[in-house]
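The two complexes that follow have subunit A in common; it is paired with subunit B in the first and with subunit C in the second.
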Partner chain A sequence: MKESLMDILCDPLDKSDLELEVTDRDGDEIITGRLVGTVTGEEYPIEDGIPNLLPPDMRDDE
Partner chain B sequence: MGVLENKSRARLFYKYLSKVYDQINPYIWNEEMRDEVLELLGVEPDDRVLDVGCGTGFATEGLLRYSDDVHGLDQSIHQLQKAFAKFGKTDEVRFYRGDAERLPFADDSFDVVWSSGSIEYWPNPVDALEEFRRVVKPGHRVLVVGPDYPQSGLFQRVADAIMLFYDENEAQRMFEEAGFVDIEHHIQQAYPGSPKAITTIARAPESDETRDAEADERSTTDAASESASSADVGVETEA
Partner chain C sequence: MNDSTETADESDLTAAEQRRAVRERYARIATGSESASPDEESAGDCCGDDGGCCDPGVDSESRDSTALGYTDEDVAAVASGADLGLGCGNPNALASLDEGETVLDLGSGAGFDCFLAAREVGETGRVVGVDMTPEMVEKARDNVRKNDATNVEFRLGEIEHLPAADETVDVVISNCVVNLSPDKPQVFRDAYRVLRPGGRLAISDVVLTAPVPVEMRADPDSVASCVAGASSVDELRAMLDEAGFVDVAIDPKEESAEFVREWDDSLDLSEYVVSAAITGRKPDSA
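Moving on, here comes the complex of A and B:
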């Protein structure tokens, strides 16, 4: 995901801000990392460039 | 109808049906119908567009013809993988996994919110519609396509068992409850006898308009039929 998307992304649970933690990037493209809810503390993984912003109760639904 | 009288069995049946959705989908919702409602919506080149429940990217493809800033969200990674194959993972479209009823976007983030062939999966459609209203900019429009409530026969019994089809009145009620104004409905049908699709276009009120929303809704019926009849795209409109 593009780093600029942080402007519109928020925690799906309470709409509070997210903090970006980057593990691997390619320019402004975040390949691996995570988004952490600044209020909820919930962690949303970024894998292979795709942020998984499913609320935790829906993540097992593979 | 013994087979479908149990709702959980019916849902299981529909879940199985969704596996072949791409094959049967053109029978209900095809490219021509998609392009007609895209024209009604009138997306501008600079618009930031959200496609909720983008799935395999059928509508996303149409939206890309209007705007370069298209964002696709889906719950299922399996469906998304088909969309990645068409557009790349991080090239033409910004993709997210997420829930329609709990969108991961800040208020007023999008110029247009679109959702086709997804509402029938949402447990609480009004919750999702309220989220659409929250993330679309005030005064801007959302478009939702779902399956129209069938008129008769087997499809009606399936609809009653699964509770995922809705008619125009029900669509009007859901969008009003979610706080939209200028609500209009368009009914389309791929072939005679095939299930119909219902498209609803509605506008999020301006912030100073919210208090007058009820008055607005009362005049919406006239505005909707007027704009529908003036839209020269051959869409059958049910008053």
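Moving on, here comes the complex of A and C:
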């Protein structure tokens, strides 16, 4: 995902802001990292450039 | 789900069962084990006996996407592998996209509609696809590379809980997906929330024209294949009104019976559903 698209992202649970933690990037493109809900504290992984913003209860049954 | 839901109507699937059926089916399609994709040509029927939301043509050459409202130019413009033939219309044609707009696609699949939208909104615009099936999002991401698209992104997410901030989107599009949701009113409420004032909703989806038999409603395959979960025009209108949309138009396409009929080998599904163009607008002053 592109860092420049952070402004339209939000926590799917309560729609509050997300904080980006980058592990690996390629320019503006975030390859690995995580998004953390500033209110919920929920962690959403970014893997292979794809942020997983499924609600936590749905991630479990993958 | 809890007991009270099950006893309320034992014939209906629970939300969890419905989501699982949908995810499993679309994962199979994305990975080619049940596929209309030209890349992973499979010997078996695309739709087999569970049918729905999917053209039985095995490859893109034999599939007629123009029946859904795409032009030949649309089909040629996107690298192969993105058009899985899972739609029931062309939401971009309904959306009248302008240069620079931000578009959100609910249930983006392999990304075909996103790539078409990306051409319309250009470099200054952006398109985000949300899909709850990991296999589909991976396929869509691979298609970003194939299409050299710089203004399209995909994320794993649920359309009832969109990971998009309030009032950040100009147009919400969706193609044959909302009917799959166990909570459609919530899908429309969340779509309304993410739209900017004056933002548009442009959806192609199936609508119910006759009651679906009880045994079909309880069949996960029928739900996953866009038939048993569909709502009537009146129900959809009520949901859209309740969400706050104005200028709501739901236009059933009678001619869609031709391709709906091909969704299943044994049943004529056009007896129950028809494809419709569903449009609405968030008021300017909202």
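Quick note on the criterion: the second predicted complex is superposed on the first by the 62 of 62 C-alpha atoms of A that agree within 3 Å, B and C clash if a C-alpha of one lies under 4 Å from a C-alpha of the other, contacts with A are read in each partner's own complex, and residues count from 1 in each chain.
By our rule, a contact is a pair of C-beta atoms (placed from the backbone, for glycine too) under 8 Å apart; a residue touches a chain by one contact, two chains touch by 3 or more.
For clarity, every value in this text was computed on a predicted model and none was experimentally measured.
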* Taking the superposition as given, does A:15 touch the first partner, subunit B, the second, subunit C, both, or neither? -> both
* A:48 contacts which: subunit B (first), subunit C (second), both, neither? -> both
* Asked: Where does A:58 make contact in the superposed view: on subunit B (first), on subunit C (second), on both, or on neither?
  -> both
* To do: Mind working out whether A:5 is in touch with subunit B, subunit C, both or neither, as first, second, both or neither?
  => both
* To do: Mind sorting out which residues of subunit A both subunit B and subunit C touch, each in its own complex?
  => 1-2, 5, 7-13, 15, 48-55, 58, 61-62
* Asked: For subunit C, which residues are in contact with subunit A within the complex?
  -> 19-20, 102, 126, 128, 130, 132, 134, 137-138, 141, 153-158, 161-166, 168-169, 193
* Tell me, which parts of subunit A touch subunit B in their complex? -> 1-2, 5, 7-13, 15, 29, 44, 48-55, 58, 61-62
* In the complex, go through subunit B and note every residue touching subunit A. => 75, 77, 80, 89-90, 94-99, 102-107, 109-110
* Structure fact -> Interface with subunit C, subunit A side, in the complex: residues 1-2, 5, 7-13, 15, 17, 48-55, 58, 61-62
